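Here come two complexes built around chain A, the first alongside chain B, the second alongside chain C.
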Partner chain A sequence: MSGVFENKELFKSGHTACAGCAVATGFRHIMRAVGKDCVIVNATGCSEIFTSAYPKSAWEVPYVHCVFENAAPVAAGVVEALRAMGNDHTKVVVLAGDGASYDIGFGHLSGMLERGHDVLYISYDNEAYMNTGVQRSGATPWKAYTTTSQVGSKIRGKLQNKKPMTEIVAAHGIPYVASSTSAHYTDLEMKVKKALSIRGPKFLNVLCTCVPGWGTDPSLSIQYLKDAVDTHVWPLLEIENGYLKMNMKPEKKPVETYLKGQKRFKHLTPEDVSEIQKMVDERWEGWVWREKVDTERKKELGE
Partner chain B sequence: MKPANGKPGTSMENKTGSWRTQMPVVDKEKCIKCGQCAMNCPDGCIFVTPNGAQPNYEYCKGCGICSQVCPVKCIKMVTEEK
Partner chain C sequence: MKKTIEGSFAVAEVVRDCSPDVVACFPITPSTHIAEELDKMYANGEIKSYTAVESEFSAISMIVGASAAGARAFTTTDSQGLALMHEVIFAASGMRLPMVIVNANRSLSAPLSIWNDHQDSVSERDSGWIQLYCKNNQEVVDTVPQAFKISEDTNIPVMVCMDGFYLTHLVEQIDVPQRDMISGYLPPRKALYKLDPENPITMGMYALPATYQGFRIDLHEDVIASAKNIKEEMEAWAKVSGRSYGNGLWEEIGLSDAEVVFIGMGSVMENAELAIEKMRKDGKKAGILRIRCYRPFPSEAVKALAGKKAVVFEKALSMGADAPLYSELCTCAKEAGVDCELSSIIGGLGGKDVTVADIEAMLSEAEAGVVKKVWGD
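Up next, the complex of A and B:
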């Protein structure tokens, strides 16, 4: 069998991700869009563990591993060194988890965006610290179970809301911010290619299922991401030069479609579900309203 | 001093197929060669050939995504006996 059906991609088979890992699926799509001429800067997290377990590597491209907090400054250093040497074509891409982007490396990410380095920062969001055994992060949604947001008689899951990272990054006024998922590969590849055609800092927020962390069946990893978009929990949007555009406005499914079957949400009461539905609807209406305002403003300014 | 890095693409030496308990079996008569399985596979180990989809069992971890995303349901997950 081997030799005939060889993996010819830049992100190889044989990595040690869990069966059904949507992060690995996402990386295949991202690498297909990025191409060979790149430097990958990978923050600590699941992806670093499963792709570069010494002495083996799943990468066919130059690859730097750095600690949780400094992926953004390392990428900034790499890109400035390349440009100083007269190389203005090699793309520098950061791949960092939600722990590294939303929490630990947040200040450094903000600094990199403010300084305006020519880097594409991709945050793969699986909504907790999965590689260390499922601890809550800033990306964990309200009421979700993790090992540090336990479910008991008084406290039932995470008490806080998910950090609105896409909007926070967009508030830096950078040229391109987008959100996507590993399951919507046409959308994801389009956004990576579009981002790389723009000079300056770019940010992409990619939702990925985590089989052990979410407590889902491995075969349903892709289905849950499709459901996240169809229930309006996760929008596919892009904010280009400050103008928001929704790439997909699916007919809304009830939020239960997405929540059911996930072990981290199995303790939810019907009241919790209706509260989540309300929150999801409010956020969705906000985006749709902002898209309308932005489209009108764009027309007025003739841009 | 040896540099602390792995050679590119050496993860191919890890034959992750040994993890598998469920094995995807393709009904090639029914397969429409759409490529959904190949696109969504986390391990990049199912390929579309002129005869239909073909998993590479050396790397397949048996997650079953291919079977789930298949629009004509031509991939069955079969419990493997070793």
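Up next, the complex of A and C:
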């Protein structure tokens, strides 16, 4: 972490994010890793609103926002233009929320990945449409309360599971896919740097606490992300050229550690919690198994 | 030099010779041949880039990104494709990004129809784009270089409208402007502002109530002011090519002494020219007012209509209200104090044929003061 506060910040303070917003924290570290020679393409969402209200901007780098669902093709246009005009070096980075990435812009993201544009797409995932006041998204976890996955006498929270976005993106066969969180700074910065050293489409799925959306204490935003990793709810991993590597295998804490204190989960029954524990364990075992298979295969192929 | 060529291929040739940096398209009938031909040119190294995207929504989004980065950007589409672009069409003009779309005019669903009318682009009239409607393929290839010039000078996107099938698929002799002629007329784009790490700016910001209206009114006023550029570019292009189309905003044929006038847009106006010629031979004083530039609306065009009867023929409609071109001309005539008798006729929807005889009949009805509001079944 040395040197963190020595360099000039490219993502400036003075923006209007909520206290404890992990998106803003994440952006600061992402921008440290990205550096000056970049174009940022932002989707409509919290971060666009809290960083770019005319005439103020939190961006010390070129930044463009168009609409909610088109950050991926706008970025594709930026990079094709730069390359066509002879600029071979400037990095194009998308910053888009889970609503833009998992849902409304999903097809356009898939198209950009399939075509192989030289873009790093970072999905900052706070697990609901927070900008419009906490509505469920494809990234909202099972049973979580949002204003459109209400807790009533018959239905108690979101009926569906979270979309497995990291795996879906990886299935496109792009060179680099990784997950991180806003709290794991060194992991996040390492992954951004690594991604940007690779030509072609890259995807980073970054979990971010949302204080009003999750119903958490602003002082605990970092702690919740650490707990998400330590409970195996959100594994830190990389899929490079198709091979999975798990960056951290922490000794598992019970899932309650992560769920407790989050208002969106306060209605959960002990049965719900054990069901979530089961789901988390199964997914974790799946990742561990895949890493083992991939490592053996890599060895066999001598890669 | 004249050559026999399909309209779509001629568009691709002229776009290539305008040296675009980024072209992104999604195929849709009847604009598909333009996209295919541009991709072939890319495969042969004749254009810098071509991206076959997964939807029209991504096509317009890509050229928004490209234009923001300072590139000359182009796409082509029509109908459902243009409708799918709708959200970004408004954002592109609001962000003041120059770009050109060739829209191969086609009807909108439902019912599904792939044939020509103007409902697609007329539905985008309020988007802050300049819209130029061409009567034939010669005009289309002469308009595309002007469109890039106007767009890049004004920072307002331009839509060049050519009738689907009637023009896109028509094979005829035209003089396709060559690269040396175009390069003498159209300099490389010099972006007023762009995404540049050396000089970082924030584009596509959001505006609070104190500032939003100002941005929109600025755009509105600049679209109105772009009429001057459109006229000037027509003059400048006439100097290099020897061809011009009215004053760039509208075209008058036999209007000064005409008693009945046919008003409209697009390729039907060539049929109108034949109808007028025939009627003139028969001793009837008929004339034409062709609206070439629909946005900005050329309100001064109505002045030439004083004391005349006119049919406003449209391949578009505004459901539940008067037809768009007709109602705008009525407003302009009233505001300018021009006394004329305008009649509205809607027709040619979904590719319904509008013949020379039809136009003669419409004008005869207008002369007699009894006009059908809808032409054909």
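By definition in this document, the second predicted complex is superposed on the first by the 295 of 303 C-alpha atoms of A that agree within 3 Å, B and C clash if a C-alpha of one lies under 4 Å from a C-alpha of the other, contacts with A are read in each partner's own complex, and residues count from 1 in each chain.
Here is the rule we go by: contacts are C-beta pairs under 8 Å (C-beta built on N, C-alpha and C of every residue); 3 or more make two chains touch, one makes a residue touch a chain.
Quantities reported herein were computed from a predicted structural model and do not represent experimental measurements.
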Partner chain(s) touched by A:Ser137 [first = chain B, second = chain C, both, neither]: neither
Touched partner set for A:Thr231, first chain B, second chain C, both or neither: neither
Chain B versus chain C as contact partner of A:Gln223, first or second or both or neither: first
Which superposed partner A:Gly20 touches (first chain B, second chain C, both, neither): first
Contacts of A:Glu60 with chain B and chain C, given as first, second, both or neither: both
Chain B versus chain C as contact partner of A:Lys12, first or second or both or neither: first
Chain B versus chain C as contact partner of A:Ser52, first or second or both or neither: both
Overlapping contact positions on chain A, where the chain C interface meets the chain B interface: 52-55, 57, 59-61, 63
Chain A-facing residues of chain C, complex: 21-22, 24, 48-49, 51-55, 57-59, 61-71, 73, 87-88, 91, 95, 195-197, 200-208, 211
Residues of chain A that touch chain B when the two form their complex: 1-2, 5, 7, 9, 11-25, 28-29, 51-61, 63, 183, 185, 211, 217-223
Complex contacts: residues of chain B adjacent to chain A: 4-16, 19-20, 39-45, 47, 49, 54, 56-59, 61-65, 67-69, 77
Chain A to chain C touching residues, read off their complex: 36-39, 41-42, 48-49, 52-55, 57, 59-67, 69-70, 72-85, 90, 107-108, 110-112, 114-115
